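A, B, C, D and E label the chains in the order they appear, each numbered from 1.
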Amino acid sequence: MLETLAEKPGTAAAQAMFSLQQIHTYYGDSHILHGVSLALPQGQAVGLLGRNGMGKTTLIRTLMGYVPAREGQVFADGKNITGAAPEKMARLGIGYVPEGRGVFPNLSVKENLLMSARAGLDGQKNWSYERVLETFPRLKERLANGGNQLSGGEQQMVSIGRALMTNPRLLILDEATEGLAPLVVAEIWRVIAQIRQTGISTLIVDRDYKKVLAHTDHVVVMEKGRLALQAESAQLQAQPEQLSALLGV
Amino acid sequence: MSNSSSTPLPNTNQAYAQAPAVTQQSRPIRSKSVWVGVVLPLACAALLAVAQPFWSSYLSDLIVKIMILSIFALSLHILVGGAGLVSLGHAAYFGLGAYAAVKAAGPDGSNFLVMLGAAVGASGLYALIVGALSLRTKGVYFIMVTLAFAQLAFFVVHDVGYFGGSDGIYLMQRPALGALDMESSSTQYYVVLAALVLVYAFIAMLRHSRFGHALSGIRVNEQRMRAAGFATYGYKLAGFVIAGALAGVAGFLLASRDAVVNPELLAWHHSGEVLLMLILGGVGSLRGAVLGTITFVLLKEVLSTHAIVGNAADHWQLSLGVAIIVLVALLPKGLVGINDKWQKKAQAQSEKAPAATEKGEHHG
Amino acid sequence: QDKIKVGFMLPFSGTYAALGNAIENGFRMHVTEQGGKLGGREIEFFKVDDESDPAKATDNVNRLIKRDKVDVIIGTVHSGVAMAMAKAAKESGTVLIVPNAGADAVTGPMCAPNIFRSSFSNWQTAYPMGVVAAKQEGKKNAMTITWKYAAGEEAVNGFKEGFEKNGGKVSKQLTLPFPNVEFQALLTEIAAAKPDAVFSFFAGAGAVKFVKDYHASGLSKTIPLYGPGFLTDGTLEAQGEAAQNMLTTLHYADELGTPRDTAFRTNYAKSFKLQPDVYAVQGYDAAQMLAVGLKAAGGDIAKKDVFRTALEKATIPSPRGDFTLSKAHNPVQDIYLRKVSGKENKKIGIASKALADPARGCRM
Amino acid sequence: MDLATFLVQCLNSVQYGLLLFLLASGLTLIFGIMGVINLAHGSFYMIGAYVAFSLAPYLGQHFITMLLVGVLLAVALGYLLEWAFFSFLYERDHLQQVLMTYGLILVFEGLRAILVGNDVHGVEKPAWLAGSFPLMGMMQYPWYNVFAAVACLVVALLMYYTVNRTRLGMMIRAGASNRDMVRGLGINIKRLYRIVFAVGVALAALAGMIAAPMSSVYPNMGSSVLIICFVVVVIGGIGSITGALIASLLVGFVDTFGKVFFQELSGMSIYLLMAIILVWRPEGLMGKR
Amino acid sequence: MADAHNPAAKLSVRALTRRFGGLVAVSHVDIDLHEGEVHAVIGTNGAGKSTLINMLSGELAASSGSIHLEGRDVTQMPQPQRARAGVGRSYQRTTIFPEFTVLENCRLTAQAQARPRPWRIWESAQHCDASLQRAHAALASAGLQHQAQTIAGSLSHGAKRQLEVAMCLATEPQVLLLDEPLAGMGAEETERMLTLLQQLKQGHAVLLVEHDMDAVFRIADRITVMVNGAVVATGTPAQIRVDPVVRTAYLGEEEHA
């Protein structure tokens, strides 16, 4: 079961939509990621768990091309695209909801959403402006507010909506439920489930590990920049002891 | 909450900055080693003092000019490097200091202290007024308000008859205090050197004090400072007035060296020039301010001297421009950045080869 | 024997750069004509770009005095800079010949035994225009317009003195801040007030724009525009149609027709591939003055008194016509009345014969 | 002042104000929206004027063609400049841009002196715009000034539409606040900004070309324009095109009437205006609070 | 609701209202914060919780209504002064000094309260014992002591959130206004923070805005629920848990009962 996720190039991993091979990432002199490999296959939901500061965000930023990997490769559809810039990665079909939202303060809600609108790689336009607003009705009342005139939760919705507007095939959610009211969180998990059903892959980082397990096919747990555990979500749901040790719950 | 993003300068409000926070511009508060912070500047000053008799009168003059401009740049550093307040009107305080000094001088026998007092008082007072009003604004708006008030001062000095109009006024007699007579160029040299040392020491002390740290805090994140209980307006205003008054000191020194003042001293491009010196040196440290001043003045001096660069001197603007562009391209942190880079390299080397610890002592 | 060191302190960059070049060319041409020697001594040149910035004037002039140790300084165009130079020259005793800057004070309160001028005083070029406007042209009611700075005010006052002494009346004096070139508002004021004549003092690009705007507004059809020659000197190519038939006064004109001037003009055009202008003449004459002094002192410029008395007694054979120096060392010269015709300022008469500046405030 | 004069002065104010907007429009893009502190803006204006002067002998009578050619040249220049001198500066302290643009000013001035010399030049107005119409007694008003004002309005409208109404404009503004996020959404911010910068340069150059026949072409002509452009952009509120337009008109009025009524101290009028407005509204007239 | 301020409360708020243009972000809110109590404010996104905290801490002016701190009217008091009078806050969006070390972040906020006055410019800040002690204590409480010398900007998101709270603690406030302190924290840190809050409530009044319902129901002594700017319910956790309005408007039909 572990092999499905971290394999040698040429095998299943290379066929995966996106995959990372033996990644080493540094911030300046500090070595953050130590040889991480991860495959994100088409149509699969992957959860990324780990305590604070273990390198989850760094892994995502490496995949997105924000931080260069000093060693290792990145593949998309079997092609080596190591060193691709973030805009390239996004164009390859990644919708990115960063930690801390990254809403544009000087753009209105409407503009925040519209600016990224784009058809997906295969030309599909499942997510339109209207559909995003239907998904987050709260935003309808705030369309003219600037990004800096929103409550924290509203910003989170904008951020997710904006990523969906790019019609991605992989949605990366880095702590997307942070600061959201329970009802909204439930709604977001519902949306995630919905997204998952439409065949969009997801990579989810969230502190609510139970929800992550419930909404993913696989789970990867990080510890100090290494993959400490990879397993099928269903299995871990049944036997959470392994997780408890790694997450400190 | 203000919108930090649409005001490109300076980056005070961190509320929306979640991108990698540690960038090249980060300036952690850290204590420099005693060597770099105290011994080196003092050694330089001592060297300058001892060497004076050997300078030609031209060199001595050039050094005096650099020292005066250094004081000027250091005073601006309190604002730019300290509190993150970029002022584009600092020449106004410099010029007002010079004018006040000349106006306070008697026709015969000008008292050093009276003139100095007038300079500090006038520029400090104007800084108080301008600061009180302009500190309501932030970022580029602050830059422009300070510019506006500087231009007001410029036009008053330029257009009001009392100040002698566009051609300026003369100082009939350079200031003196007992045996200390600024008519003598070596006295000038030592007085200016002493002033530089004092100002440098004062600002260094200020930076390390709680007041200085509070200013740094305001530079990085004023919102948080207020939430913690700092009346930031008062801190900034105090910084502004101190900076203005010290610029007045520089102005006084200039007036007593040149014995002539004119409105051009207050012109905005001089405010711009001193800011450039600061940026060139690197706004992170006091050494940067002095280093930037020296480099800027010397670059221009060298590039416009026929004896050195031949006929290229006719196009000194071009070569100076190219030099500046090259420096910007190569030195992301200004001139002090080189020093830091060397230190890091030296550190890395000494770590790799622990035997060669002796070599670690590289300083720019 | 060493070479005589001549330092040019002129604007080689910025708005007045063309003037600086013309002055240098004129000076060098005379030296070349004399076989590279003046008063039997070879000449070595030094150059400093004064940037037309009075605030840097003291430093710039000290580069020549202290660094290059020049014997003579030739400079400059900008009055404020010239004033600071005069101060430095007075203190160091270096001979200064001013080849343009017309500030009345240079040969007024600032006059000194070692300071000479080969050009004019602002008063001198404007006063005759007032006389002509009142007497010859029969104007009764005039308005003046100029930048609010010393040179402009001096010129306007000169005009007013000449105009009112001869029965005219200056009804209103308009000014606008230097170097603002938005004239429309003031032109409207002129149109509303309907004077008989307008006298204006602008130079360079400002002169071009003013003359053009004045013409475009249709005022030139009914209200003649007068000015000192700078309004149309070196700018006719740019002013084109707008300047035609304007009357100005100056100590020089294109095509004076004298053999001396013709020779000068041909030689200049040949040497520099440029048409000479009044600035070139002033540079040329600065060299002539230096030659006269040096010759009398036997090539020894240290003989200041000999140098000075020789100049005070001399008649300089200038392309503009002979001139002598007044007690205050300003040229006593004919001021021509000129009319623009095509691309030339044609002399149509003499507005004032052997006019001397009143040298108010000079004690020497 | 009688009513007729007053009205003419108002016309003068509006005309000057609109010209100012044309001058400031490029700066509104580069500085106001992209957030690059561009001291070299005045140099681009100067380059435009010199381009007009150089092209005039060949295209003088095809004025519009001349403007087009000039704008294209300026876009190319801007594109190159951004690539060579600015692309690596965005990640750095904003103050470094100040230093860089200052260096560029010096270089442009130096090159200008070498290439075209230091003389003052004039550029002829195109024949079809050379006339004028009568106004108030003996005064006339040149058609060319009207043309310049109209050109300004067109530019203002186009810019307003592009920046505030199109997706391109949204991307540009988003890029000013968070470059990384924009990239993460699949937008090539480098190319986008290169183009915006080029357009900003072209606008400045266009202003220079249009202004050339009205004023003249001379060394350092950019430096006096620079400050006033900054004043306009800042009074209006950074990033707001409407604000810049209002500010231009306001400055036009204050400058015009300042010269008429307060001659003695009219130099400080616009700075006084700026000081008052910013002390009253610290984020400019149309700035976001 | 009563109009009079509760004199027993540390911080007492009556009819507090804030408008943004046409929007009433906070509408006639009454709240009393008592020493020894953790008072949670929960509510939908955009309900006005942060706006409430902004008004209480003085960052935003109230449109109307009044705030009393220990019986004193502080409605008009500027933020810094209010902070020195004992109102401390943390931010929902991390608001730290990213360029400084973690220790320096805390030392700096502690310095605001420390006595000998700042104009004694000959004294070094880095050796200011009073503020250093507070800073170290705050770091220890927040569990950041191991990272004291790290540059704050290079902390992970969760650690930044810890620092956010530590900086508030370093000012030793009487009234703590915590805006989602648990957001972004891992399970372990959450646990530590809850323990810390338990300790802190002795001698402090704590206002806690939080979306983590498990935590809120575990630790809160009193809960206020806001929806669209208005308070819809106030009561003990037990009361709130079963309040039908709250369940539909905020909690949802999940298993919080």
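Keep in mind that, in the parts below, a residue touches a chain if its C-beta (ideal position, glycine included) is under 8 Å from a C-beta of that chain, and two chains touch if they have at least 3 such contacts.
Keep in mind that this is a model prediction, so the values were computed, not measured.
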Any chain that touches chain B and chain A: D, E
Most contacted chain pair (by C-beta pair count): B-D
Per Cα centroids, the chain farthest from chain E: C
Chain at maximum distance from chain B, centres defined as averaged CA atoms: A
CA centroid of chain B to CA centroid of chain E, Å: 41
Inter-chain centre distance, chain B versus chain D - centres from mean C-alpha coordinates, in Å: 31
Rounded Å distance, chain C centre to chain E centre (Cα mean): 74
Junction residues of chain A - those touching two or more other chains: 27, 66, 98-100, 102, 104-106, 146
Multi-partner residues of chain E (at least 2 other chains): 93-94, 154
Shared-contact residues (touching 2 or more other chains) in chain C: 13, 148, 177-178
Partner chain B, residues of chain E touching it in the complex: 57, 59, 78-81, 83-84, 88-89, 91, 93-101, 104, 108-109, 111-114, 118-126, 128, 131, 151-154, 167, 170-171
Residues on chain B engaged by chain E in the complex (per definition of touch): 14-18, 20-22, 26-31, 205-206, 208-214, 216-217, 220-221, 223-232, 235
Chain C to chain B touching residues, read off their complex: 12-13, 46-49, 53-55, 57-59, 62-63, 66-67, 79-80, 83-84, 87, 91, 103, 105, 148-151, 153, 177-178
Footprint of chain D on chain C - complex, ascending: 13-15, 17-18, 21, 148, 174-182, 184-189, 191-192, 194, 204-205, 208-209, 212, 216-219, 221-223, 234-235, 237-240
Chain A - residues contacting chain E, complex: 27, 30, 51-54, 57, 99-100, 138, 142, 149-154, 156-157, 175, 178-186, 207, 247-249
